[in-house]
Every structure is written in C-alpha cells, then in structure tokens.
Amino acid sequence: MEFFLEVLTGGLLAGLMYSLVAIGFVLIYKASGVFNFAQGSMVLFSALTFVSLLERGVPFWVSFAVTLLTMIALAWAIERVVLRPLVNRPPITLFMATLGLSYIIEGVAQAMWGAQVHGLELGISDAPLEIGGMLLSQFDLFSAATAGILVLFLSLLFNKTRIGISLRAVADDQLAALAVGIKLQRIWMIVWAVAGFVGLVAGLLWGARLGVQFSLSLVVLKALPVLIIGGFTSIGGAIVGGLIIGASEKLAEVYLGPIIGGGIENWFPYVLALLFLLVRPAGIFGERAIERV
Amino acid sequence: MANDTLPHWLIHHASIQPKRVALRHKHLGIWHEQSWKSLRSEIGQLVDILDKLGFGRGDTLVLLTHPRREALLLSLAAQWLGGIAAPLDPSLEDDHVALLLRYLNPVFVFAEGQRQVDQTLANSRQDVNVIYAEDRGLSAYPQTALQHYAELLRITPAASRAPVAEAGQSAFALYRVNGERNVQVEHFHHDELLEEGRHLVFAERLSQHEEALAARVFAASGHLRYLLSPWLTAGFTLNFPENIATRDADRRELGPTLVAGTRETYQRLESLVRERLPVPNSLTGRLVTYALRADGDVFQRFLGYWLVKRPLRDVIGFSRIRVPLLIGPALPVDSLQFFKTLGIHIRTWDKVANWRTLSTTTSRQLPSVHDTDVEADNITKAS
Amino acid sequence: MLSIIKKPSALIGALTLGLSLLSGTVQAANEQYFPLQSYRVGPYAAGGTGFFGGFIDYLQYVNLKEGGVNGVKFTWSECETEYVVEKGVECYERLKKGLNGAPAAATNPLSVGIAYATLDRSATDKLPLITINHGRTDSTDGSVFPYVFPLQLNPYSEVSAIINYIGDKSGGLDKLKGKKIVTLFHGSPYGKETNPILELLAKKYGFQVTLIEVPHPGNEQQSQWLNIRRIKPDWVILRGWGVMNPVALKTAQKTGFPADHIIGNIWSNSEEDAAPAGAAAKGFISITTHPSGTNFPVLQDIDKTVLKAGKGNLQDSKRFGTVYYNLGVVNGILNVEAVRVAQAKFGKRPLTGEEVRWGFENIKLDDARLKQLGAYGLVQPLKLSCSDHEGGGAVRFQQWDGKQWKVISDWVQADRKLLRPIIEESSHKYAKEKGITPRDCSKES
Amino acid sequence: MGATPLLELQRISLSFKGVKAITDISFTVEQGEICALIGPNGAGKSSLLNVINGVYQPDQGLIGFNGQRYQKMQSHQAAVQGIARTFQNIALFKGMSVLDNVLTGRNLKVKSSWIEQAFHIGRALADEIKQRQKAEEIIDFLRINQWRNSIVGTLPYGLQKRVELARALASEPRLLLLDEPMAGMNREEKSEMSAFILDTQREFGTTVVLIEHDIGVVMGLSDHVVVLDYGKKVGDGTPDEVRKSPEVIAAYLGTTH
C-alpha cells in the first residue's frame, strides 16, 4: 500500500510537469484554434537561452528577465512573420506553419548556443524527503507548487481580464472579434508571449531535471495525451489530464509493466487518451464543439 | 386583535429584526436585498406618495403587473392607508383586462410598463393616476397622469405615519371574469389572511429562515394566503425573480426552501426533470430506476440520493426545498408520486376549512417538534 | 520507399564505385575521402558534435602536421543525419561514391540504427563500416562480416567487463552469487543488445539480474526507479543514451539510490551524461575505453596545430578533451592507422574501401606504436585480424567527481574466451540466414 | 435631427478583381434616423456596409463620419469611432454565453489595465461593475435575460440575431449597421425585431443603417430609404417618395411580386 501510494504521488507530481507543457499548447489553441507544433522548440529555446546566459556569468534573475524578453520578441516576430500573413487561412495551414517554425526555432537555438548539454541548477535540492514512509522529491514538490502558481496566474489573466474574453472571442470568430474592435494581432502577440513564458517556466523545470539539451523539445510527447484527455481549450483540463496521465502511466508501468513487458510508459498514455477520445471527444474539460444544424 | 393587519406585521418585523433580509429581487442579473427596516421606510414614502395623490380609506389601488417588489410594496402602502389592493393578472387576454379595468374604473393604478400603461389609459377615466415601474418607451407619453415609481421615491422624503388599517377591513380584492363575461370579486380581510398564514406557519414549522420564491403575481387567493401572509407572520425572506421567463433559472440560483406553486408550476417542473432522465431501457436509465427505488437498502438510497436525486432536484432549484406547497387544483397521482421519488413531498393547501386534516398528515413528515414550539412561541408573543 | 530503392541502388552503387575508381586514377587526385554521417542537431547532437569534432580535428591534424599519410591528404564532407536511420541511409548513399575523385575509406555513423541499416550495403559496396565501441556484437566475427568493425569493444565485452569489475569489487567472481543486479536499458535495439548475455552471465555466476526498460527518449523514469528501490539491488548497470542518463542519475537521487553503485556503460560515460545531473551524478561510475583529459601528447599536438590555429571543429572549445571528443580522436587514430597499414601493402595512393578494410584487419597497436602516435594510455593496445574485428575488449572504470571523470581502475578485460562461442554461434546463424559463406580466415594474410 | 449628417458617403466605388460591386454611390444619413438599404441580391448592399465599417477599402470616394473624412476605414478604427454592426450570417462567439458575447461589445469601454483586472485592484472593480451593468441593461432591453447564461450556439436562430444586436448595442454605438436583421424570421419575430430596432433608435438616439428585403418592414420602420441596383443608386428619399419613384418601381419594387 505504501509503495502504491508512493508510485501514485510520484506519478501525480510527474503529471503536473506534463501539464506545464500542455498548458502552453492550450493557450495557443485557445487563441487561434491551432495546435502549435513549435511549443516544444520554445521550451528548448527558452531553457537554452537562459542557461547559456547563466553560464556566461549573468545573474539568475537578469537571465530570467532577458530570456523572457527574448521570448516576447520571438512572439512578436512570430505574429509578424507567420501569423499575420496567414489570417483566415484554415487551421491546417497554420499548423504546417508551426511545424516549420519548430525546425527554425530549434535550428536557431542550436546555432546560437551550440548543441552541447548543459546542467541547470535552480538551487532546489532534489534530495528525497521522507514523509510517512514515502519518499517525495523536494524538486517535484517545488515544480508542483510552481505549476500551481502559474495556473493561478493564468486563470486570473484569462478569466478576470479583458484579454481573457477577447482571447475566447478571437478563437471563436475572428470576423466578429474584429467587428467589436478587438485587435487580433495584439491578442495573438500576447498569447504567444504568455505561451513563451509558460515555455520558459516549463523549460527551466524540465531543464533542471533533464539537463538543458535538445531532448527538451521532446517533452511535448508527454503533453499530447494530456491534451487529449484534458481538452485543448481548458487550462484546468490540462492540469487534471496531466495528473491522470502521470498517475496512471506510473501505476501501469509498475504493476502492468512486469506482466506485459516493460517500457509501456511510452504508449500507455496514448491508449488511455484513445479510450478517452472514444468516450468523450472533447476531453474532460474541453468545450464541446457546437455545430448548428 | 385590533391591529392584526398586514402593515402592522410589517412594522413588527422592522422593529424586531430590522437587519434581516425581507425581500430579495433580481435586477439586471444581480440579486438585490432589502431589509425589513428599509422596506418599512420605503413603504412609508409610498404611503405619503399615495396620500398626496388623494388615496384614502376605502380606495382601491389596481395593480396591473407581473410579480415585482414594487407591486407588493404599493399594496402594503395602500392597505396602510386603509385602502384595498386589487392585483390583476397581466397575462389575461387583452379584452379581459379591458373589461376588468372598465368595470373597476380605477383612480389609482400601478402599471408595470408601456403595455400595461397603454391598457390602463385605453380603459380608464381621464383623471386616472398611473404609477409605472419601467420607463422604457414611455418618454413620449403625456406625463400628467403618469408617475415613475423610482422618480416618485427619489423626490419624496422619508416619513412614517401610523397605519390606519383595521383587522376587519378588506386588504385585497381579487377580480376575475367568468365564462359569461361577468366580473366576480372576492375580498380578503386582514385578519382572515393572517389567520390562514399563521396556520400554515404552525403546521409547516415555518421560521424566519425560510427562503420563499414569489414567481407569480399575488392575484390568486392561494398566494395571498400561503405566501404573502406567512411571509408577514413568520418574517422570512421573499424572493422575486428577474422576470417571469427567468424564474426557473432564478429558482436554481436561490434554492428556495418554500415554494407555493400551482398545478401548472409543478407540471412544468416535472417535465423539466423528465427531460433530463435517460431512456428507461438504456443502461443509465436502469441505473436511475435502481437508484430511485424507494425500498432500497442504505447503500442504494445513498447512491440514489447523491447520484440521481440531488442533481435532479438541483435542475429545478429544489435542492433545499423544505415546504413545497400546491395551491389550487390537485396534481395527478403520477406526478405526486414522481416528486416523491425525488424526495419532494408536495402538500396541498386550499381553503381554511380543511387545513386541519391536511396539517396532521403533513406534520408527520417533519423531523423535530422542538423547533416548532419555539416558533409558535414567537408568533404568540408577536401577536 | 526504401524497399523500392534497394535493388537499383546496389547496382548504381557498384557502378558509381567503379566510376569513381576510374576517375580517381584518371585525375590522380591524391586524396582519401571520409564520408561523415554526422549529427549536429537533434536529440543526440551533443554526442555527435563531440565525436565528429574529435574525428575531424584528428584528420585535420594529420593533414596539417604530416601533409596526410604519405602525401595522401584526407578530405571529408558531412551529411546531417539527426540520428535518424532513414536520413543516415540517405547520407550513406550520397557519400559512398567519394568526393571529387577521392575514394571513400570507411563510414563511421556512430549510430547503431544506421549501422544496422547499412550493414548489408557495406558488404555490397565493399566499404568498411566502423562501429567503434558499439554496433552488432556478432560482427566481431570478421569471417561473416568482412566489412564491419566494432573496434575496441563490442557490447558483449562491455557487459562482461562490467560484471568482472563488480566481481572484483565484491572480492572475486564467486562472491557474485546471490547478488542483485538491475540493468536499466534504453528501449532500442542498442539497449536490448546485451540482455541475453546478462542473463547468461547471471546463470553462470549465480547473481540475480532484473532487466528494466526505459522507453525512448527516457525523460521520465520515476516508476522504473521506484521499482529499483523496491528490488534494492547491489548494483545498477545503466545502459543509457542521451538524455536518459542524467535523468537516471537524478531520479536515482530522488529515490535514494546511491550514485556510486550505478555503473554506466560505454554510452553513459561522457561529461554530457553526468554533468547535467549536477550533484546527483557525484560518485557515478562508468566504463571507458579511453580516458578523458588533454594530457596526451597527441591531444596537446592537436591543440597546438589545429585548435590554436583556429581550425578546430568544435564550436565550444571547452569540450576539447571530453569523452566524446577523445573518442572521436581515437576513432581518427584507428581509421588513419588502417589507411597507413593498407598503404604499406597497396602503395602510397588513395585506396579503395576494400583495401582500407585490409588495413583495418591488420592494425596492430602495441605500446611502442601507441607511444609513437602520442596516444599511449588514450588508446588501448589493439590487434585486429580477419576473425577478430574488435581487437581489444578492455575497459577502464572512471568516476565522476562532480566536475570531471577520474579514472579509478586499470584495464579490466572482458572474458572474451567465454563470449567467442556465443558470438560465433550468432554470426553463423546470420550467415546461414543470409546465405553468406564465411571466409576462411586461416587463408587471409 | 442634427445639423450635420452623421454619415456621408461621397462617390464610393468598389470593385473586386475588376468586377464593379459599387459604382459612384453617394448619400447621407442624418443623425438619429433609420435608413434602409434596399435592392435585389447582388446590388452591393452588404459591400457598402463593409466599406462603412472598414472590412473593405473603397477604390474611390470618401466616407464622412461624425464630421471627419476618411479615405478608408480600418475595422478597429470604425469600432472606436462608434460604428457597430451585425452580419448577414450571424457572427457571434458561439462557444461563449450570451452575457460574455454582450460583454465583448464593451471591449473598447474597458478602462482598467489587465494587471488591475487580474488582481482586482485599482479601477478594475468599478470597471467590471460598470461593464456588467451596461451589458445587463442591454440584455434587459432586448429581453434576453432568461438566456443570459446560455451558450449562444445552442440558441435558436432568431434569438442569436437578437444577441448579435445586443452585442452591437453594448458598445453604445452612434451608428448601427444591421445586415438583414430579420432574414429568415417569421412575421411575429420580424415585428418583434422591428420593435427592438425602433426602441433602440428612440431610447438611445442611435442612427441605424439596415439592409432588409421585406418591403413592408422597410416602409414601416425607416425614415429614409436608399435603393441600389447593380451597384448603383437608383432611389433615395422617404419611404413614400421611394415608393412612387418610377425608376425604383422598375428596378426593384416592380419585380418583387
């Protein structure tokens, strides 16, 4: 039982790390109905920029600020160069654009900062804490707290401010949004910048765990099933989806793994997600697509 | 008792529980609350306003409006001055309204909005005094006969004089048109109404903690007896929905503990619930049937309560309902049974003649006797 | 796609090879070409840039210092594979023809996947396929795999050496009985390669082995390490690659398993594997075929002639002397040595792949020769032959002190005698499947 | 009616890829009047509305609005200037509630910054109450209270039209452009909608330009009718004048029945 709880808690905490990445997708999907393939690259790019600055002796918070500004600049550039010319194109076109974007960002990141692996210490010890006979990682708890604060911030931003309602308006109907005087470009720019910020936070936490290296862009693989379960449009859904995926994949790996052969962690979340798709196409929290007959 | 009148009871609550919420109404999507004290003060102003218009003892104030707080306040103000309130149901057909207005030939009318003002002006004497609640569309009307409720309140200073109403006087008069297009009238005296109200309060153990919903006009005797009168005797909170169309949504937001509805009300609610139920033979349908079985074991009832009954009761805003009253014609047995499976035991109240028998049957379902005594004491002291 | 291309490409390959040979003699371009299927972007870019950086720097060094081998200069070109098998094959096809008349000497993909995919082609194209420290174990048997060279160390030797080391630490191989060893392996052909041999060794020595897979890329290992914690093993063998390694070390710390009881294999032994794990990596042990560091004459010389001259290939000069870089240099030394040996037999001119292969099979590096090359202590003594394409089979153990690797053991030899029959059994089975008639190595000279 | 017209179109021409949609159209709309654009399908009515609120930029001509002249209007600029509109094919935020849709109409009236809004400090609270109140007033005005929290996409067509009008009104526009506000409605719904439009004009003094096919509705509702045919103006005047004009009868009225 204790072991079960330990696996479960570990899974839940790991799940929050997935949620962190998934939220980045949710933001952009909400604003433009586009699955942003480049989110993983943004995670990589931000972490790489941050750690490279740090290694060049720039203080922590200055590096953070500079990286954030870089991400905002990136958002601005993306809005100008990619999104603006593609207004009112079908989502698949925009998706392809983000696909290309991911290669560009990855390429630029490696050209700028090189391909080597960097260690990243955020100053949080990863020594396990023993709580009631269970080992819990301090770092995981820290990540969970960070994810919590981030979600709080985002829900304040998107539920309590005009940006939030404008964002939903833009996602819903661009023509109508223009008619009520919403500046499409500005909303996109803001959303991409926020997605960049989320990418930065995810990049730092994942970077501290994996080392800052190219594989960071692969953490999106874990975000996909989370999105399928939690829905593409709900930040809360991304959190719950992350928790479900994290807990179930760990439990499956530990208890099911020995029976059907190890290494099921990679595909199990997708199977789970598929089952969810069959039952509820819009995920747990996603808005149900409403089509007028 | 000499001053067993509606206005006196209002004064009573304003003095013993001035800060408690007397009325709650929804306006522009937001609930507004009014305490007993503030209610008394506003009625005090209305009394002066009516007095200034020449309203006096024995006069009739006709109220042509959907349920709204202004109508209730004006009724009480009219009674304060020893007058009679005559609420008309605005959903009546146009020619019935016209017939009633012409019959009554009123001097004082409260009309809700443009439509009711039009009806009044078309069927009344030249010197009619009309107070209206909604000014929309009325800006172009000749203002001599028309007074805006809010505007009158604004310009009238707060004052308070003693009520001149008497217990044996008529408080309300209900007019209706029968099949032969004859007008019938029924009078309700202060003491009679209050007596009926007290009976209900006693039998149903009503307290000042109830939340009642006034979703209909007080143009039916049942509503005067079993909603208005208990409100004044028990001193609970009366809630007005935003308008007649939003009443179901508003009821859900409120979750009233006391509802006085007609057969139509309950049948509409029943259809709302039935819409949510799954097809009987489907898996979920069977699950619902299983969970709703009255003779189930503890687990089954637990499951039924949390998974089915509670959510369904929530659909119609009956999550906190304690006293669902049926006024007027009886419900079909099927419907009564259906509500019973949801844990809603509807009580039929009609005339004073048969309250005794009914109250004995209903009192059995109530959990504790102790509370009742306290409430009864309060009432005795108060009266 | 691939299957459609397969047959004609073999034909075209042979044709172009012939053509390039022809043009080579006509133009008399005095250069030897190395096609480089490198990877400088993608998840494994860190390994690729280090290895190919070292390799190129060594070739550059030979060109600058000695004007090539006997006047034959080296030339090379890169083709980005991103460590993706299909791209690696594409690169192979594009580069095998040589460059401007300079014939290709050998391919060095540094990828098990690409190596497997081009295994058959290398025999058809008569172009040596060098899989230093990795690749297919049974390709050690040169009689069946004439063109494949798992130089220095094949996967079986790796495991055998690690078990020998653990035995040593436990006070003798007989003390292994009852010990618990967990192997955490990368979920790929590379990762799975040694599982049978581990089970065999477990049976032989009586220890208990548990094999736990980490799915690619391995950035989440919570459940695996919780399992390990439940098993409470004496040692964990880490058979990782790329990001899986630092994550393993971090997760081990998180679940309270000591780093100094984790032994990394040959692809879990670089700075890039340990450093990102930060403090969690301190005490981590791994094997290596070559030490890191810059204190070898050959490296000092490369620094002087290549790096200081601004001709180094590394983007970040701090990586000079790291494990991956040094492996690249070692690989360069072995490739160049093969060319040198072959030139001695076939003449001082650019050689064909077939001729270079002969060179590889006749490499003989003893201490004296290594000293001559300035690589004594960097490269292990190596003697290859027709039947033995591995040659060494020895490793040293190193430990991460939080900043760098410290060598903590002398050469530990794999039990090659034990492994040889298994290797041959496997290679003969392969020969049978593919209809290959093994060479008679006693007739090769 | 004001001294200067609210809207003045001067010789507007618009073409798409060489095909003329609007040719040399000029007319004025006085402050506070209801002006109807009528004409057969393809007469250029919708295009003209799109020129006025900046969806299309005219090839030639000037748009005078509220005393200012523009060669072209930008969508955002039009919204800021107080031009609101509804669309022929309802352009609502279908996934959002009625209230939220109406609130988007208040978009340009929000004064507080997003930081204030996020943390509910400074001007945010007063701002929120104000926007909500205004939105609620419009909701009440158009009698859509009971659907306040319904998702717009689930509402029937006629109601959606009303919600769209509500969103346009929420911006407190000076000029309201309605593109076939009564299309696809039955008689009862049409009279209800007409009443709302009239009330809007009376209560808020809003100037309205609308496109409508139902001649009965147009004649009853509007102060001023402009008739278009093949992108040209063929009639302009009060409903009575237009009804009597032989050109108009030939071009449009004659052909309808």
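Lettered A, B, C and D in written order, each chain numbered from 1.
Everything that follows uses one rule, which is that contacts are C-beta pairs under 8 Å (C-beta built on N, C-alpha and C of every residue); 3 or more make two chains touch, one makes a residue touch a chain.
Just so you know, these numbers come straight off a predicted model, no measurement behind them.
Peer 1: State which chain is most central when centres are taken as means of Cα atoms.
Peer 2: A
Peer 1: So which has more C-beta pairs touching, A-D or A-C?
Peer 2: Result: the pair with more contacts is A-C.
Peer 1: Averaging only over C-alpha atoms, locate the centres of chain A and chain B and give their separation in whole Å.
Peer 2: The answer is 54 Å.
Peer 1: Could you grab the centroid distance between chain A and chain C? Build each centroid from C-alpha atoms only and quote it in angstrom.
Peer 2: 36
Peer 1: So the centre of each chain is just the mean of its C-alpha atoms; given that, what is the distance between chain A and chain D in Å?
Peer 2: 41
Peer 1: In whole angstrom, how far does the Cα centroid of chain B sit from the Cα centroid of chain C?
Peer 2: 89
Peer 1: Specify, in ascending order, the residues of chain A that touch 2 or more different other chains.
Peer 2: As it turns out, chain A has no residue touching two or more other chains.
Peer 1: Chain B: which residues touch two or more other chains?
Peer 2: none
Peer 1: Check each residue of chain D and list the ones that touch at least two other chains.
Peer 2: As it turns out, chain D has no residue touching two or more other chains.
Peer 1: Which label fits the chain touch graph of this model best, line, ring, star, complete or other?
Peer 2: Its topology is that of a line.
Peer 1: If two chains touch, include that pair; go through all of them.
Peer 2: Every pair of chains meeting the touch criterion: A-C, A-D, B-D.
Peer 1: Which chain A residues qualify as touching chain D in the complex?
Peer 2: Of all residues in chain A, those touching chain D are 153, 156-157, 160-163, 165-166, 168-169, 171-173, 175-183, 287, 290-292.
Peer 1: Which of the residues in chain B end up touching chain D in this complex?
Peer 2: It is residues 28-30, 136-137, 139-140, 242-243, 245-246, 249 of chain B that touch chain D.
Peer 1: Can you list the chain D residues touching chain B in their complex?
Peer 2: Touching chain B: residues 99, 132-133, 136-137, 139-141, 143, 145-146, 148-149, 199, 202-203 of chain D.
Peer 1: Across the complex, what residues on chain C touch chain A?
Peer 2: Chain C residues touching chain A: 40-46, 48-50, 187, 211-217, 219-220, 222-224, 226-227, 229-230, 242-243, 246-247, 250, 253-256, 272, 275-280, 315-316, 319.
Peer 1: Inside the complex, what are the residues of chain A that reach chain C?
Peer 2: Spelled out, the residues of chain A in touch with chain C are 3, 6-7, 10-11, 14, 106-107, 110, 114-121, 126-128, 135, 137, 139-140, 206, 209-215, 217-219, 222, 249-251, 253-254, 257, 261-267.
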